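Some structures are shown below for you to check.
Two complexes come next, and they have one chain in common, chain A, joined by chain B in the first and chain C in the second.
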Partner chain A sequence: MAILKVENLVKRFGGLAAVNGVSFEVGRGEILALIGPNGAGKTTCFNMIAGYMPPTEGKVIFDGKDVTGQKPYTLNKHGLARTFQVVKPLARLSVFDNVMVACLSKSRNITEARGKAIGVLERTGLASLRDTLAGSLSIGHLKRLEVARALATRPALLLMDEPMGGLTPPEVDRAIELIHDINRDGVSIVIIEHIMKAVMAVAHSIVVLQNGEPIARGKPEAVVRDDRVIRAYLGEGYAAGR
Partner chain B sequence: MKTTFISTTVTAALLAIFVPMVANLHTYSIVITVLIWIMFGLSWNLLGGYTGQVSFGHAMFLGVGAYASMLIVNAVNLDMALTLLIGGLLAGLVSLAVGFLIFRLKGPYFALGTLAFAEIIHIVARNMKGVTNGGEGIMLMNRPTFLGIQVFNKTEYFYLALLLATLTILFCACLIRSKTGYSFIAVREDQDSAEAMGMNSTVVKSRALFVSAFLAGVAGGFYGLYNKFIDPEMTLTVHMSVEMIFVTVIGGIGTIAGPVIGSAVLISLQEYLKSLDFLQAFPSLYLIVYGLLIMLVIVYLPGGLVEGLRKIRARVKKES
Partner chain C sequence: MLQVDKLNSFYGNVQAVWDVSFEVKQGEILAIIGTNGAGKTTIMQSIVGLVDKTGTVSFQGSDISSMPAHKMAELGISYVPEGRKVFPEMTVMENLVVGGYNKRSRSTRKDMISYVLDTFPRLKERLGNFAGNLSGGEQQMLAIGRGLMARPRLLLLDEPSLGIAPIPTEEIFKKIVEIKKETTIVLVEQHLHHALSICDRGYAIEHGRISLGGSGEELRNNPHIQSVYLGMQATPA
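And now, the complex of A and B:
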């Protein structure tokens, strides 16, 4: 059974259809990449799946249950976590406290949450920054903190919204490693990302959106050779370079 | 946590020993007023400082507590421990209704909403003569007791105020380091993030408002009984709400020490300014000086006096 099934999702803002008839499925343990040009509706899709805005039409089925329109905190309790494209750290708390707070909802008390937080920090490579204020971190570390906080809620499905935007090439490599590592633990992932190298390195399958509509889907190798995808998003240069 | 606990209890014990040695009636009234404002400040701070929901109407909870306690003591002379508790719970109850209506508003709209609510209650209190005796106010008619001990003169009120303020400080310090306290802070820092971490922000905010209103209600009850008289002007006006914000912001918003230091400094300053001869020619002139000083702190020390103390400590450390 698929962990996430999105059926004919539509979101209209007034006359504009930001997302128009998007459907896809994420199998258990799968990494699916959602790609497409800016304004294609990728983040809007995420917002509807994670409960930040209700869809105008369509259904979101998570773990076999229809969860359309449910609130983010309810979905998080059932094992759906997300990271934000524009990072949202708890700026005046330390890195450790950020992760500890994320552990709280699934812990009985602070002591238990602290214990869990140490584990998450080590796993995400943030242990050395534990006492730094989150507001003073570099963008690379902030993106990592987003992932750490999402992981701290013990998700079965993780939605990552551009976890590598603004990272340096070595940071991208480390982020790819981290995603593989998370996935090895059985967490299914949907990732929005513009860095194609990273997408090709992690994705098991790809859905391409343009103007709110899906224009291609399938295995990464096939999708990047698709003419429509090359014209709409990747460009001739990318195709020639492969 | 330990240091807060130790420093609070030690300070309270020292005050309990030394204040009665030196105090006359005037100093007692200043110290008691400071202690009362510590409680009000801490109450406001839970919602405004820790949860990030700036209320301009906290006087309504103060007022509900004050009227409830006064009416209960006058009617049945129930022990103050229970009276204040009931006053606090009633204020909490009002907060649930207010929160239900108002938490769909954010930021400045929320602040305006609280202001409007407090004003409604102010007007109701002025006109519902059957309960509140309107603008004429209510006198304390009985000699109240606390846990069986009579509390009537300034010394007795001083000890009780000290006890209540100490308990409020310790309670807030514990709360803020609990799961609930961290959820307040998470909502303040970023509501979307808090929800992504499994917190229902409306529930978290309502909880913060309830606790905050409860504390304001208890302190308001004490404030009324201590003054032995209440009317709508001294309990329910915007002035009271704003003063709660002042003592917190000047002291240091979002800290436990903030409202404590803020109240101590501001209330003493007010009393001092009021006593100056050249300001007494015009009874409200001291407010202008007071306002100027507040502006200076806000401009040069946005983190309040607590931040100032921290800066001084850091500089001393560097030099040594």
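And now, the complex of A and C:
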């Protein structure tokens, strides 16, 4: 059984259909990448899956149950977590407290949450920044804090919205390792990312959106050779460089 | 055109930048590179007066060290901050108009709007939308466009390609080279291969200090830069 299934998702903002008939499935243990041009509707799909906004039409099936329109905190309790592209830290709390607060969701008390937070910080490479105020972190570290906070809620399915933005190439390599590591622990992942090197390194399959509609899907190697995808998203430069 | 001398920058009691001195020459692209948390953004913000600092910043011969941030656009310095910071409850068009509001750029507003929309056709489809309803990447395009509207003499670009899809990223880098004809540019950018291939000179920042400086090519060929910043699989662009 798939961990996530979305059926014919539609989201209209006034007259604009930001997402218009998107369906896909994420198998257990799978990493699916959602790619496409700016404004294609990728983040809006995440918003509907994670309960941040209800779909205009369509269904979200998580872990076999129809969860369409449920609230983020309910979904999170059942094992769905997400990160935000435009990061949302608790800016006036330390890195440690940010993660600890997230750990509280699956802990009986604050002592237990503190203990878990230390583990999450080590895993995500943030241990040396534990006492830094989240508001003064650089963008790359903020992206990592997003991942740490989502992980702290022990998800079965993790939605990552551009986790690699602002990272230097070696930092991207470490982020790729972290994603593999999270996935090895049995977490299924949907990732939105523009850094194609990272997409190719982690994705088992890819869905490409353009103007709210899927234009291609399949194995990464096949999708990046698709003419439509090259024209709409990757560009001739990418195609030539391969 | 810009001279930074013995810059030390602080967030409250925490010092983030130590004794940084450098100059930007008229008409060049200067890249500032470094890992996350090295102090690149802090240097940019120090130049435009958004961070507590000691040291001197002079622009075209005059000391602007104590000039407040809101005077910078009029003076000819545009800062495109990392993380968009567009005005969410104003339309795309209104955001652009605000960008070109200072006296120097008002007369050329129309031309600049068509230049920006030509650069980012995606924005043309969104002109009447609230900026807050744009996707992340579209907001980034708008932030760059707003910076250009001021017709700056010096343009500070902080991670311009953050969240931008591959095709418009290529466009941005092409435009940066084009803009260079009129504007001097300081660039902080994660796509280091790109940044180092279009810049004239660059500085590497480590732990808030300048560790290396040189031409784009020198930096690209430097073994330390290749291993620390570009990753082992570095290929020359």
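Brief remarks on what is shown
Assume the second predicted complex is superposed on the first by the 242 of 242 C-alpha atoms of A that agree within 3 Å, B and C clash if a C-alpha of one lies under 4 Å from a C-alpha of the other, contacts with A are read in each partner's own complex, and residues count from 1 in each chain.
Just so it is clear, a contact is a pair of C-beta atoms (placed from the backbone, for glycine too) under 8 Å apart; a residue touches a chain by one contact, two chains touch by 3 or more.
Fair warning: this is a prediction, and the values are worked out from it, not measured in the lab.
With chain A as the common reference, the superposed partners chain B and chain C fit together side by side. By the touch criterion defined above, A:S105 lies against chain B but remains apart from chain C after alignment on the C-alpha atoms of chain A. Once the two complexes are laid over each other on the shared chain, residue contacts for A:L32 go to neither chain B nor chain C.
Using the contact criterion defined above for the overlaid structures, shared-chain residue A:A81 touches chain B, although it does not reach chain C. In the superposed model, A:T153 lies in contact with chain B only, and not with chain C. Contact with chain B, but none with chain C, is seen for A:Y73 once the two complexes are overlaid on the shared chain.
With both structures placed on the common chain, the touch criterion links A:V187 to neither chain B nor chain C. Of the two partner chains placed by superposition, only chain B is touched by A:A91; chain C is not.
In the superposed model, chain B and chain C sit 80 degrees apart as seen from the Cα centre of chain A, a figure rounded to the nearest 10. Taking every C-alpha of chain B against every C-alpha of chain C after the fit on chain A, the minimum distance is 9 Å. Counting contacts by the rule stated earlier, no residue of chain A appears in both its interface with chain B and its interface with chain C. Listed in rising order, the residues of chain B touching chain A in the complex are 177-179, 182-183, 185-186, 189-190, 192-193, 195-201. Per the touch definition, chain A reaches chain B in the complex via residues 50, 52, 71-73, 76-77, 81-82, 84, 88-93, 97, 100-102, 104-107, 109-110, 113, 149-150, 152-153.
Those residues of chain A whose C-beta lies close enough to touch chain C in the complex are 13, 36-40, 42-44, 85-86, 129, 136-141, 162, 165-173, 194, 196, 233-235, 237-238.
Against chain A, the residues of chain C that register as touching in their complex are 11, 14, 33, 35-38, 41, 82-84, 122, 126, 133-141, 159, 162-170, 190, 192-193, 228-231, 234.
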